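Structures for review follow.
Below are two complexes that have subunit A in common, paired first with subunit B and then with subunit C.
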Partner chain A sequence: MVDLLQHILNGITSGCVLALVALGVTLVFGISRFASVAHGDYVTLGAYFALVANRAGWNLVLSGLVGVMACVFFGYIFFIFVFRPLDRRPKIASVIGSIGVALVVRHAILFIWGTEQHSYQVAIERGIRFMGLMITKNEIIIVITAFILMAFIHLILKKTRIGKEMRALADDQDLARVTAINPLQVITLMWILALSLAGVAGLLLGLKSIITPYMGWDILLSAFAAAILGGIGNPYGAMAGAITIGVSEEVSTMFFPPTYRLAVAFLIMILTLLFRPSGIFGQKVEVK
Partner chain B sequence: MFFVLLLMALLLVSQDNKTLAADEIRIGALTPLTGAGSPYGPGMQKSIAFAVDEINRAGGINGKKIQLFTEDGQTDPEAAVRAAKKLIEVNKATAIIGTWSSGVTMAVAPLAINANVVLMNTSGAPELTTLNDKNLVFRTEASNVLYGVAFSKIALKRGYKTACTMAFNNPSGRGNTEEFAKRFKEAGGKVLESVVYNPNQPTYKAELSKVLAPKPDVIVMGSYLPDTTIILKEWYQTGQPMKWIGPAWAINDKLIEALGANVAEGAVGVVTVPDTNLPAFKTFEMKYKELTGQDFLTNTYSGMVYDHTICLALAMVAAKSEDPTVFNPRIQTISGPPGVKVYSFEEGLNELKKGNDIDYDGVSSKIDFDAAGDVVPHFGVFEVRNGKRERIDTIVIGE
Partner chain C sequence: MASYFVAMASIAFIYCLLALGLNLQWGHTGLINFGHVASFAIGAYTSAILSLQGIPVVFSLLAGTLLAGLAAYPIGVITIRLKEDYLAIVTLGFSEIIRLICLNEMWLTRGPMGLPNVPNLFSSWGPKTNEWLNMIVFLMVTVCVLLLLQRLIRSPFGRGLRAIQEDEYAAAALGKNVVAFKMKSLIIGAAIAGIAGGLYAHYMSYIVPEMFLPVVTFYVWVAVILGGSGSNLGAILGSMILFVFLEGTRFLGDFGFIVDKTRFASLRFVIVGLGLILLVLYRPQGLMGKEK
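Moving on to the complex of A and B:
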């Protein structure tokens, strides 16, 4: 029983990092209607810029901000020069474009920082124990940060005018356009949010494990799965989907060899989609 | 496309003039000058060139000089295959020396075997032992299976009774731990749990909890640096005391740097090392320092490729032929017993001229190639003590 709870707890902490990535993927899909393959590499980019700041002696919060700013800056440049010109083309053009952006970002990172692994300058501490369960200080930070960000996104979407416009644009692009919504403004905000989340995810992922040029790419498949599981385009679905995948991956290792953990998580995704083809929270989405 | 063809045609013409005119023996050096093998490749290349120089200065092979062609394998199977093709087809090399990672060696091997070219490498994949290679593929790094044997010897020597294993899901990782488990059990030890894990995960907590739960005396790893870093970090967080044994390409200075001296303390890394008692060791050590400014022991592969080149040349002399399909069995006979012990190309050449059998002992190991083209080098045991790796023991397999 304690084992099961511990696995669930571990699953929630990995799910929280995954949720931030999946949330970014789903926001981009919701408004711009394409799955951005570059999102994983934006995560890596954030982690490396935070590393530079951390090496310069800045604390983790400031380092994270540097990572977020770098993500927003470079990501927005790619939006202006790649995704915006491709917007009027069939959506496959944007997907292919994002593959190109992913490769450019990854290889720029490889070129500048090399293939070696890195870590933030944080001492490794023993975990905190309560009632037979164990959690580390970093994991508590990860969970709290992730939940604060998710709540923040929720408030923007529900309570602000631009958030409502964003949801309107996600629901029906044509209708939104005729009701005086400025799509560029909304899309810009969407990118800023998605890229900021990627930056934070990079910091948290680097904190939890190690920083490598492939860290974001490696997590991208799970993030896509989480977004689809929750109903792609739906922010709450992405969060729920990510935590479901995180928990099922960890819990599955109690019953199957660990090499099958990803397979089990995907099996759960397939089963869910069989019964709810548009995901847990999904509405029908039309891709043009 | 047209320009590429044109360029290749020009290249072919120019190379043909250069290579086919002279009466020379053509050998290709294919070492990782870039990529993950880049700390080793440049030193390896210099060592091959140095050996070629020694051979040519001693009068060459059967009256012919060696011409060396060098290529960068980039630690990338795809790039290495392109380079190997060039060495075989354009430069007409009779042998390729110096492929380092198993992935590269496994990719280049079929090309070499098809073209009847000798491939001498420093890779550990167990498959290289069983490969149907027409006796053309030789290696001087220990097979990963031998690493398992060494792990077991170390664990027994330290008095461990129970063990768990964790293996990276590839032939090398599983080869390490499966052979360890077999040997450890044969010697009366108990293996309580064996976990195989996937690469590139951000966390290994679930896998770790499986091997920590039965509270073994030691956990033996068949792993690489990134996964080992995450696993040891997550282990330390649990606070459970544990001993670790793994290959030194995972438990090394980079690991200590990433984890801190506290966490890495006591971890044991194992790697093949040159036998420092070999007569030729000291000379090569000094020469290597002169060539690269580095310590030979930081790049033991350099000694291995030096030995490759000398063995190749002696086999050609012994067979009085430069045709790989003729001289290849001689690689075994000149490197292993019986025969007069020789420690350099010149000594070997003189003994062969007298009509004696020879047994070449190299700078990296005794180099007794078996029928599969494998050798049994010594293993150095390094333990992390106060944040530094210290050589604490040497394991000699078969003793």
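Moving on to the complex of A and C:
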């Protein structure tokens, strides 16, 4: 029983990181209408820039900011030069463009930092025990940061004008355009949000385990699974979906080898697409 | 030098086959298959495992081809009715799952240690490998597949595919079974990748899960888009150009122009990625494709 609770707790931690990635994926899909294969590699990019700052002796908060800024900077460049010009073309062009971006980002990281594994310099502390459950200080930081960010996204979407415009644009692009919404402004803000989330996710993922050039790519599929489970394009669905996937992956390690965690995410994704393609938390989204 | 050429040409033909398979799915049908490497892996492992059990190579290759094709069926059932992005995500996931199975099911695939001593195509003729004969067989298979595909796209089936690509709803309204057309295209394309996988396994005589990373899929995509989506000859041309680029620049590394080999390898892929971006932006029809 304690064992199960421990797995659920670990699942919530990894689900929190996953939620930030899935939010990014789902925002891009909701507003720009394509599945970005490059999003995982943005996560990796954030982790490595944070690593550089961390190596220079900066604390984790500042390092994380450096990672976020790098993600936003490079991601914005790709938006301006790749995805914005492709916006008028069939959406498949953007998906293929994102393969190119993914290849460039990942291999640039491999070129600069090599294949070695890294980790942030943080004091190693013993985990905290509570009723037989174990959680480390880093994991508490991860959960709190992720929840603050999710609340922040919620406030932007529900309380600010541009957030409302963003939801309007996600719901019906044509209707939004005729109601004096400036799509470029909204799309730009969406990218900044998605890329910042990727940057923070990179830091948290690196804090949780190790930093490798493939870390973001490896989490991308679970992020897609989470976004689909929650109804792709729906931010709240993505958050709930990510926690569900995180917990399922973690609990599955009690019964199957941990290397098959990804298969659990894949299975959930398949079942969702078979029985409820618009997602379990989804309002109606366009699937066909 | 001659043997180097023969070896390179053999691998290049395998890339051509992969590109032809993807071109049928993507170029002629518009299916975004991001898991092409899964069919390649299924073909390779099936043929390798069966031939290691003593089954003649011809039959093991056939089994690999069939299984690769069949494995695409459930993927099609799940995603063909949905928006194209879902097919992309599901196929990508499928290829990772296939690789995980190859990596973890030790009893079947020996996991990360891989399968050594996979018999050569002509192993029944004696232990000595005839590289030239091998390459000629690869060439013949590639040409056969090319000719069959050319015939296929001019058949009523091919015209149906073209109609679906131009206007899916109009094709459906005219009574074409859109799902069945897409499914056939997906399965035939996967089977072609399965042949490529089998040939690859028997040629390399050693396979490991690391040969079947998702990045292989993306190279094939680059080759197809470079050659021109929808053109079979373009798929071959694109594969050849990509292959010559990758091999040629590896040569530069061998001659010591660059100090660190693995880093140099990543630089090549940065260039491949940039090339793909530029193609999509400025020449989406590739070298031989029709402008849409």
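Side notes on the structure shown:
By definition in this document, the second predicted complex is superposed on the first by the 271 of 288 C-alpha atoms of A that agree within 3 Å, B and C clash if a C-alpha of one lies under 4 Å from a C-alpha of the other, contacts with A are read in each partner's own complex, and residues count from 1 in each chain.
What we mean here is this: contacts are C-beta pairs under 8 Å (C-beta built on N, C-alpha and C of every residue); 3 or more make two chains touch, one makes a residue touch a chain.
Just so we're clear, the structure is a prediction, and the values are computed from it rather than from any experiment.
Legend: residue contacts after superposition of the two complexes on their common chain; A:K158 is shown touching neither subunit B nor subunit C.
Judged by the touch definition given at the top, the superposed model places A:T136 against subunit B, while subunit C stays out of reach. By the touch criterion defined above, A:Q6 lies against subunit B but remains apart from subunit C after alignment on the C-alpha atoms of chain A.
By the touch criterion defined above, A:I99 reaches subunit C but does not reach subunit B. In the superposed pair of complexes, A:P257 makes contact with subunit B and with subunit C alike. In the superposed pair of complexes, A:R276 makes contact with neither subunit B nor subunit C.
Of the two partner chains placed around the shared chain by superposition, subunit B is the only one that A:I210 touches, whereas subunit C remains out of contact. When the shared chain is aligned, subunit C comes close enough to touch A:F224, but subunit B does not.
Of the two partner chains, neither subunit B nor subunit C is touched by A:R55.
Annotation for subunit A, partner touching more residues between subunit B and subunit C: C.
Counting contacts by the rule stated earlier, residues 115, 257, 259, 262 of subunit A appear in both its interface with subunit B and its interface with subunit C.
Residues 29, 34-35, 37, 82, 85-86, 89, 91-93, 95-97, 99-104, 106-108, 110-111, 114-115, 217, 221, 224-225, 228, 232, 257, 259-260, 262-263, 265-266, 269-270, 273-274, 277, 286-288 of subunit A touch subunit C in their complex. Residues 30, 32, 34, 78-79, 81-86, 88-90, 92-94, 96-97, 100, 103-104, 214-215, 218, 221, 225, 262-263, 266-267, 269-270, 272-277, 280-281, 284 of subunit C are the ones that touch subunit A when the two sit in their complex.
Partner subunit B is touched in their complex by these residues of subunit A: 3, 6-7, 10, 14, 17, 115-119, 123-127, 129, 134, 136, 205, 208-210, 212, 214-215, 218-219, 249-250, 253-254, 257-259, 261-262. Of all the residues in subunit B, the ones that touch subunit A in their complex are 35-36, 169, 195-198, 200-203, 205-207, 209-210, 225-226, 229-230, 233, 236-239, 254, 258-260, 262-263.
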